[in-house]
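One chain, subunit A, appears in both complexes that follow, with subunit B as partner in the first and subunit C in the second.
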Partner chain A sequence: MFAHTPLRLTTLCLLATLSLAYALFAGFFGLEILAEIAILAILVIALDLVAGFGGMVSLCHGALLGVGAYAFTVAANDAGLSAFPAMVLAVALSAGLAFVIGAVCARSIGIYFIMATLAFGQMAYSFVFQSPLFGGDDGLSGAPRPDLTAIGIDLTDSRAFAVYAIAMVALTYLVAAATLRSGLGRSLVGLHHNEKRLRALGLTVWRAKATAFAISGALAGLAGCLAAQHTQYISPGLLSWTVSGEALVVVILGGLGTLVGPIVGAVLFVVLKHEISSITPYWHAIVGLILIAVVMSRANGVFGFLEARMAARKPKPFLQKADADA
Partner chain B sequence: MLETRNLTKSFGPIHVTKGVSLKLEKGERRVILGPNGAGKTTLFNQLVGELTPDSGSIHLDGADVTALRVADRARLGLSRSYQKNTLFDGLTIGENLGLAAAVALGKGQSLWSDPLKSAEVRETVKEVAAQVDLAPYLDATVSAVSYGLRRQLEVGIALATRPKVILMDEPTSGVGPEMSKGFHRLLKALPRDLTILIIEHDMDLAFDVADTITVLNYGEVVFDGLPGAARDSQLLKDIYLGAWEDA
Partner chain C sequence: MTTDLGFWVLQTLNALQLSMLLFLLSVGLTVIFGLMHFVNLAHGSLYAFGAYMAASLAGVLGYWGGFFLAPLAVAALGAVLYFTLIRSQRRAGPMAQVLITFGLIFVAVDATRLIWGDLPIGIAVPSVFEGQLALLGVEYPIYRLFIIALGLAVLAALTLVLTRTQVGAMIRAGVDNDQMAACLGINVERMFFLVFVVGCALAGLAGAVAAPVLSVTPDMGLQILIPTLIVIVIGGLGSLKGAVAGSLIFGFVQTFGAVLLPTFNSVLIYALLAAVLVTRPEGLLPAKG
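Up next, the complex of A and B:
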């Protein structure tokens, strides 16, 4: 079951402090990277919620992010909504779509679940790619950033936007953690361990899966809104399955089912991407090698490895008791 | 409390349940005996809804539940334990019991509170842990405890739903004689108003806890009566009890 261990809380405090400190002192390029990390962190927290804790490995989270980005841009530009109502609408739309996907895919598990989510994701990608309403291959530009000048914050400034993006990561984490500590979150973890037994205990499995997927989809939609606000240009590429695949890589790199690990993974991934790509254009290959090393080490990502090392230091009284019983 | 009427199920040409009619009164403890392949577990699977019967009906507390799904029957108070452990292996024993209690209390999809911290769930966990002798192990991860404790947890999870009727599929399967005796005590100490249907191969336990005994053979009820009559039945000795009588 999800719990805030001292290591997790320490890591969260460290990440928050370092990222805010960096936001205060970094230059333009550093702030852009920070915003990129924050947006990826939101997406991977959303993915870890269902994949790491619920065993629902999804290849449609890129599409959910993209739906959020497009819905936000269209609502703000074409429907004339201001940024925050447009964000609420976009998040709700992503959540609704995710609920439908979750409800349909709930009956499948493992590779079949992954393929079903991939199909949904590619359907969304094709629709956006072909539709003139969404600009087709050219995409859409001009997504606005929220207007916070009333409270003295100008989000057109990169520093303010980076801090705003970090605040959104914090909000996302709190929503995900609260979900995992709710009845639904407890059932989600139970479903990962033994779906058959939970059904026999009286849980309506499809509804639990679909609701968890909807919450995850809402968070992915939020990441989409931020992505649109960050670059102020969106293209169908945001909905591509490769975005989902990249998010999955980040979750595994950081530590599946830890919620904190994927944030660490997002930091590592974006920093590695920028650092290595400045040396060689084959940065994907280097990141691939690192991922293979992480998987082959049998550690649950970088953060999972740290957690395992910490756990190994603790005594295990019940193991001894169990041995005595056997 | 639980009734089946002419329940029939076939897998191709093989009849696994042939016109089984049972009637359990409230608080009755009935043991189902029968050789391997007699259709005992298949009958359980139909009772809880994991298998759909070809014909016949199942009634729980007077209501026809034949068309209901597994989760719906569970919510009406029908719970089961499995012959092969079906636990939440990565969780602690306390979390296993808590999750079962939370789902049964309708808190399994709540978004606003942690059911494992609710007084109702905690009380249920405490009571059930005491009933199945797991109170000292609540913080132990399932994968770290012995097989015998896992069998107790298997029954504990079913009890944590506070069922009206509990179906136990060979609760002592794979445990040693000492632990089996512990199960006798455990079963006899359960509330008397709880209706229990048990599949059991341990004859001592069967005759010790049973109010009534039903014997299945090739999917058919061949005996339905009191334990004393079961002991004296020549038919049962021929098809099932011979080895036990000789022992």
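Up next, the complex of A and C:
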């Protein structure tokens, strides 16, 4: 079960305060990085929701993000919708696609689930890559940013956009946390622990899995909309399985199944990426080595490590500890 | 075009050549999974390393030097990996294995860029196999026929070892039930090591034979990884027959899809994979009945 421990709440408050403060004072480059962190954070919260709590390790979240980005751009550019209806449409499309993928893959577990989602992700990638409607290899440009001038906000300004992106992260977090605290979220955690038991209790397993996957897909689609608005250019590379792989890496670096940890992971990943790539072009190798070290250390990422240390310092009743594990 | 016999012969040969290349890669991966339950996403990187070694050695020792030494070099690298990472992570579950080997891919891609640079490297076809051969009215490059023959030879050798020798029986017993095999006095640990190293050597061999046909680039390992995974998932993880069937299905669907249904080509194979996973989640010919 997901619970807001004091450590999680403190971390969330710290993250919110620091990112907003940074958004007010940072220069152009810093703001771009902040928006990049926010977009990645949305994607990894979505992934942690299904992978960390439901045990559905997905390698198609990059594709769901890409579908959101493409749907948003096409709806806004070709269908002439304004930005918010286009976003709603894109999020709904990602959610629908995720529901289908979740329903089809509900029977597969472990490595088969990973492979099946990989296959669906690659299918979407190939489709977008080949289809002339989506500009193929060249990608599409000119996705608009939402027009908030009516309430005095100009989102073409990168400072306003960064704050808007942070607000979207907060929204995503609230949706994910609400999902986990609902009956569906409890079923999801239960399914991860013992699927047979939940089946015996009368749960329609495939529907629970598909619905959870659809919510996660909707959030990934939202990340896609923001990515399209941020760079105002999208390419099929967004859908590639390496994007999903990187998202999984971020979740692991932060702390699987903690929901807060992946946000920390997103901050660390983007900052490390920019820091290391300014020193050496081989930053992927260093990220790879860090990943191997983290996984081999058996700690649950940076945040999971912190939680374990805190739990070790202050012994708690057995039941509560078992709760915090889930 | 489709009524011409030559067209069918040509495309069948192309499909066979692709199938055999994939077979060399997927057989190692699938047997490693079947025996050790280890998911090695870095298998493609071993293939790329084999191609680079073959290209480098070919410059010094000629093509055949690279052909024979590259698999050995890859096997040596595999042995190092086995003792540093693989052995300790065998029981860690698919998630940790996928992540560790995903990290290895990152490291491998950058390591090849660091050592051999970003530019593609090409090597020449050995002089024995230069030129074309007329076959049923089609001119076909002899080197590609050599790839097909090599794949068939490896298939025959592996089938012979797995079904007719004691080592083969031990491996089959290990795939079936490794704890029971260990109780019967088989040194399962040593067998794992042997299978892993042979699997790596086969990946290196695939890289060495592919080097003259495809250009050798840092991301060639990533490009071949997805097709290899599709092959073993369609065929059924852990089975030799599955690897053969999967390679043939992939090779033929990919090749004939490209010429007959060009608009759906790339989606076709993924749709097939999804269909297989939905109807038979364990693959077409799983190792365990």
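By our rule, the second predicted complex is superposed on the first by the 315 of 326 C-alpha atoms of A that agree within 3 Å, B and C clash if a C-alpha of one lies under 4 Å from a C-alpha of the other, contacts with A are read in each partner's own complex, and residues count from 1 in each chain.
Here is the rule we use: contacts are C-beta pairs under 8 Å (C-beta built on N, C-alpha and C of every residue); 3 or more make two chains touch, one makes a residue touch a chain.
Predicted, not measured: the structure shown is a model, and the values here were computed from it.
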item	value
Contacts of A:L272 with subunit B and subunit C, given as first, second, both or neither	neither
Partner chain in contact with A:A299 - subunit B first, subunit C second, else both or neither	neither
Partner chain in contact with A:S187 - subunit B first, subunit C second, else both or neither	first
Which of subunit B and subunit C A:A200 touches, first, second, both or neither	first
Touching partner for A:L7 - first (subunit B), second (subunit C), both, neither	neither
Contacts of A:T211 with subunit B and subunit C, given as first, second, both or neither	first
Partner chain in contact with A:T179 - subunit B first, subunit C second, else both or neither	first
Contacts on subunit A seen with subunit B and repeated with subunit C across the two complexes	none
Contact set on subunit A toward subunit B in their complex	1, 179, 181-184, 186-187, 189-190, 193-194, 196-205, 207-208, 211, 316, 318-319, 321-322, 325-326
Residue ranges of subunit C touching subunit A (in the complex, touch as defined)	39, 85, 88-89, 92-96, 98-100, 102-107, 109-111, 113-114, 222, 226, 229-230, 233, 237, 263, 265-267, 270-271, 273-274, 277-278, 281-282
Subunit A to subunit C touching residues, read off their complex	57, 104-105, 107-108, 110-112, 114-116, 118-120, 122-123, 126-127, 129-130, 241-242, 245, 248-249, 252, 281-282, 284-285, 287-292, 295-296
In the complex, subunit B residues that touch subunit A	48, 50, 70-72, 74-75, 79-80, 82, 86-92, 95, 98-100, 102-104, 107-116, 136-137, 139-141, 144-149, 157, 161
